[in-house]
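Chain lettering (A, B, C and D) follows the sequence in which the chains are written, and residue indices restart at 1 in each chain.
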Amino acid sequence: MSPSAAVTDLRRQVHALHTELVRYGLVAWTAGNISGRVPGEGLFVIKPSGISYDDLTPESIVVCDLDGNLVDGDLAPSSDTAAHAYVYRARPEVGGVVHTHSPYATAWAARNEPIPCVLTAMADEFGGEIPVGPFALIGDDSIGQGIVATLAGSRSPAVLMRNHGVFTVGADPKAAVKAAVMCEDVARTVHLARSGGPLTPIDPDHIDRLYHRYQTVYGQR
Amino acid sequence: MSPSAAVTDLRRQVHALHTELVRYGLVAWTAGNISGRVPGEGLFVIKPSGISYDDLTPESIVVCDLDGNLVDGDLAPSSDTAAHAYVYRARPEVGGVVHTHSPYATAWAARNEPIPCVLTAMADEFGGEIPVGPFALIGDDSIGQGIVATLAGSRSPAVLMRNHGVFTVGADPKAAVKAAVMCEDVARTVHLARSGGPLTPIDPDHIDRLYHRYQTVYGQR
Amino acid sequence: MSPSAAVTDLRRQVHALHTELVRYGLVAWTAGNISGRVPGEGLFVIKPSGISYDDLTPESIVVCDLDGNLVDGDLAPSSDTAAHAYVYRARPEVGGVVHTHSPYATAWAARNEPIPCVLTAMADEFGGEIPVGPFALIGDDSIGQGIVATLAGSRSPAVLMRNHGVFTVGADPKAAVKAAVMCEDVARTVHLARSGGPLTPIDPDHIDRLYHRYQTVYGQR
Amino acid sequence: MSPSAAVTDLRRQVHALHTELVRYGLVAWTAGNISGRVPGEGLFVIKPSGISYDDLTPESIVVCDLDGNLVDGDLAPSSDTAAHAYVYRARPEVGGVVHTHSPYATAWAARNEPIPCVLTAMADEFGGEIPVGPFALIGDDSIGQGIVATLAGSRSPAVLMRNHGVFTVGADPKAAVKAAVMCEDVARTVHLARSGGPLTPIDPDHIDRLYHRYQTVYGQR
């Protein structure tokens, strides 16, 4: 198969977005990965397994079908490919998935504790707390199922997988990266806040109003 | 309207100052914004909404009147424009306003707790504690009113808005950025200090003497 | 002696890897060092003592025999050379050794406390907790003995030496650097997690399964 | 007066060393300063007051006599000049002085608490705990007197001034900068260590042996 123009373009985008994971300190060594759905082709592109961020190129990003089988590329796909594939199968509106072990968010996951919504920026982006999904072993659909089931009960585009790390989803890879960046940012601020004393809650009705406004008014239209 | 030379120059300054927010880690993704008053023209310039810091250019900085209406620019202004506009209307001596969700300062805001003045650098810049303003929803004058009312009872150029983040003011945009940088710096040091045991207070009279000296002697005259 | 091509190549590798210690914030000023065994020559290369990371060059990396005697190079070898030499004598399969005082890992060492395995990424790389070795003075084989004895009872490629810092081993210098980077990453995440409340354990059988999978499946084969 | 070659050279050195304060995160905005004694000339060079680190040049570094009077330079000297001058008058063997508000070290100072020596790297560089000096107002010799009196009872080249920050001394400016970098490094590690539980002490005799070895054996001779 010769990759379509859409695949070539998406490889370039997904490659470039990986530099944001490095810039924001969300990843160490080769951990973490971003994928993006190829619209209408039943495919997604994803980081290869165990490759240094310095060595990533657009061409090194591999192409998989929605069962996670390698379709194009010279390298083995990310060891988290099955989880990404499951999310794309279960959630047709999702166009991008990100996985990190970003430290503050993963600290909440190591306690099996959701991040409470005590920041207006968190209401804006996540519409409430960031939930925790179940412990799941890598190697089959368990992680994907845990992600999808946990996000189904939430407005949040981010889920903390217990003892593991963060998965985020978005309409496209950039939106999923934004959710990963904001997840670590609020995980840190709420951690710092609570370590100094009791948190001040936000009225749930205010969370709703902040979320709806941000989703419809923020940014350029 | 064709922008005056003062507007063009201020766009360049305000654009350049945004890189300081990034350098000091005060902002994540597109959050945060800086504005600057155009002296004598009833206008201010401000960051456009939801634009990446990498993509900001001097030309992309938009111009608003003091009611927050867009007067010049191709992009929608920051979603915090109403708060900036309120401050410029209420405080004629203010020439610059900065807003961030910097993590340590916002952690104090999430507890609704002012930052106590236990550092000489804090006495120098803030003249006492950094106060907390009320919870306020975005969308009308509530945030601006909260900023102005809280700063009215303080020498501090910084206010923590409850569950939200930091607003700072200054005679010009650079002074407001300095206050935002120093606010996060002292928010972090005092957080770290208190997490290790009881703080040692500074005598209020010493705070006064430090503040008056710094405001009149520090720097180049 | 004129250095072999293998030595010249290894000097280049080990020099380049030192930049990773700086990039990940594992070292301050001139602290920290990396060594690499020259296969089949009874030699290893190591950082010179007290040289700034900015001033390191491939040529400045010195060559020692397995008793730690300088064999080639213009500078005195690292003051930790005896510890590296001991590890190479005792563990023939080790091809690289790294030493740092990285802050979060060293904080656990200052409490004489192993890092509990509560993260899947930690099960992957370390196969369980990261153990603590004894207090040992620099100047003879005490540190090397402590490293080897402690690692003998563990799958971990990293050991925290009490009140001192981190030593890691690997099949080659890059693998030892990876272990040093991941050690600090998990030391930080587990520190943050526990500072917020009780940790959620991982079932020991799951740790085994994660470790075996990662050691055989992750990355490119 | 036309500056001697020694002054010109020292201005270049001291200018370059200021970039280390930025690199290690010891300073925010224009805070912090480095000075260096001009051997045999009864002069020292120091950072000008309130100048951004980006705007510093070798030529902008000013020259003062040992009473702190400006002797050469276009800018007003650092507001901490009197403290540096006092140290140079009282301690003829001191060739460099550094002042910062580095966050972890200043957090200990805000509690009026010395940093206990629980790390071998701390024994190496500081020979014991890092002491705290008295609260002192800027504007006369009080800070200088506090620095000198506190360091007189210690092997440490660093002193935490209560509610203020760090002063370090060295045989030359580079040694004083090293002490400032290491002071923040150990302040952070010991802070992190103690926030997780009780510290494990180091035997005082071991601290002595580590200190004496490091002061005579470490680095290139």
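In this section, contacts are C-beta pairs under 8 Å (C-beta built on N, C-alpha and C of every residue); 3 or more make two chains touch, one makes a residue touch a chain.
Only a predicted model underlies this, so the values are computations on that prediction, with no experimental measurement involved.
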Distance-maximising chain from chain C - centres being C-alpha averages: B
Interface sides of chain C and chain D: same vs different residues, half threshold: different
Between chain A and chain C, centroid-to-centroid distance (C-alpha), Å: 31
For chain A paired with chain D, centre-to-centre distance based on mean C-alpha positions, whole Å: 44
Residue list for chain C, restricted to those that touch at least two other chains: 195
Topology of the chain contact graph, where touching chains are joined (line, ring, star, complete, other): ring
Those chain pairs that satisfy the touch definition: A-B, A-C, B-D, C-D
Chain D residues touching chain C - in the complex, by the definition given at the top: 24, 118-121, 178, 181-182, 185, 188-190, 192-193, 195-200, 202, 206, 209-210, 213, 217-221
Residues on chain D engaged by chain B in the complex (per definition of touch): 28-31, 48-51, 75-76, 79, 101, 103-104, 106-108, 110-113, 135, 137-139, 162-165, 191, 194-195
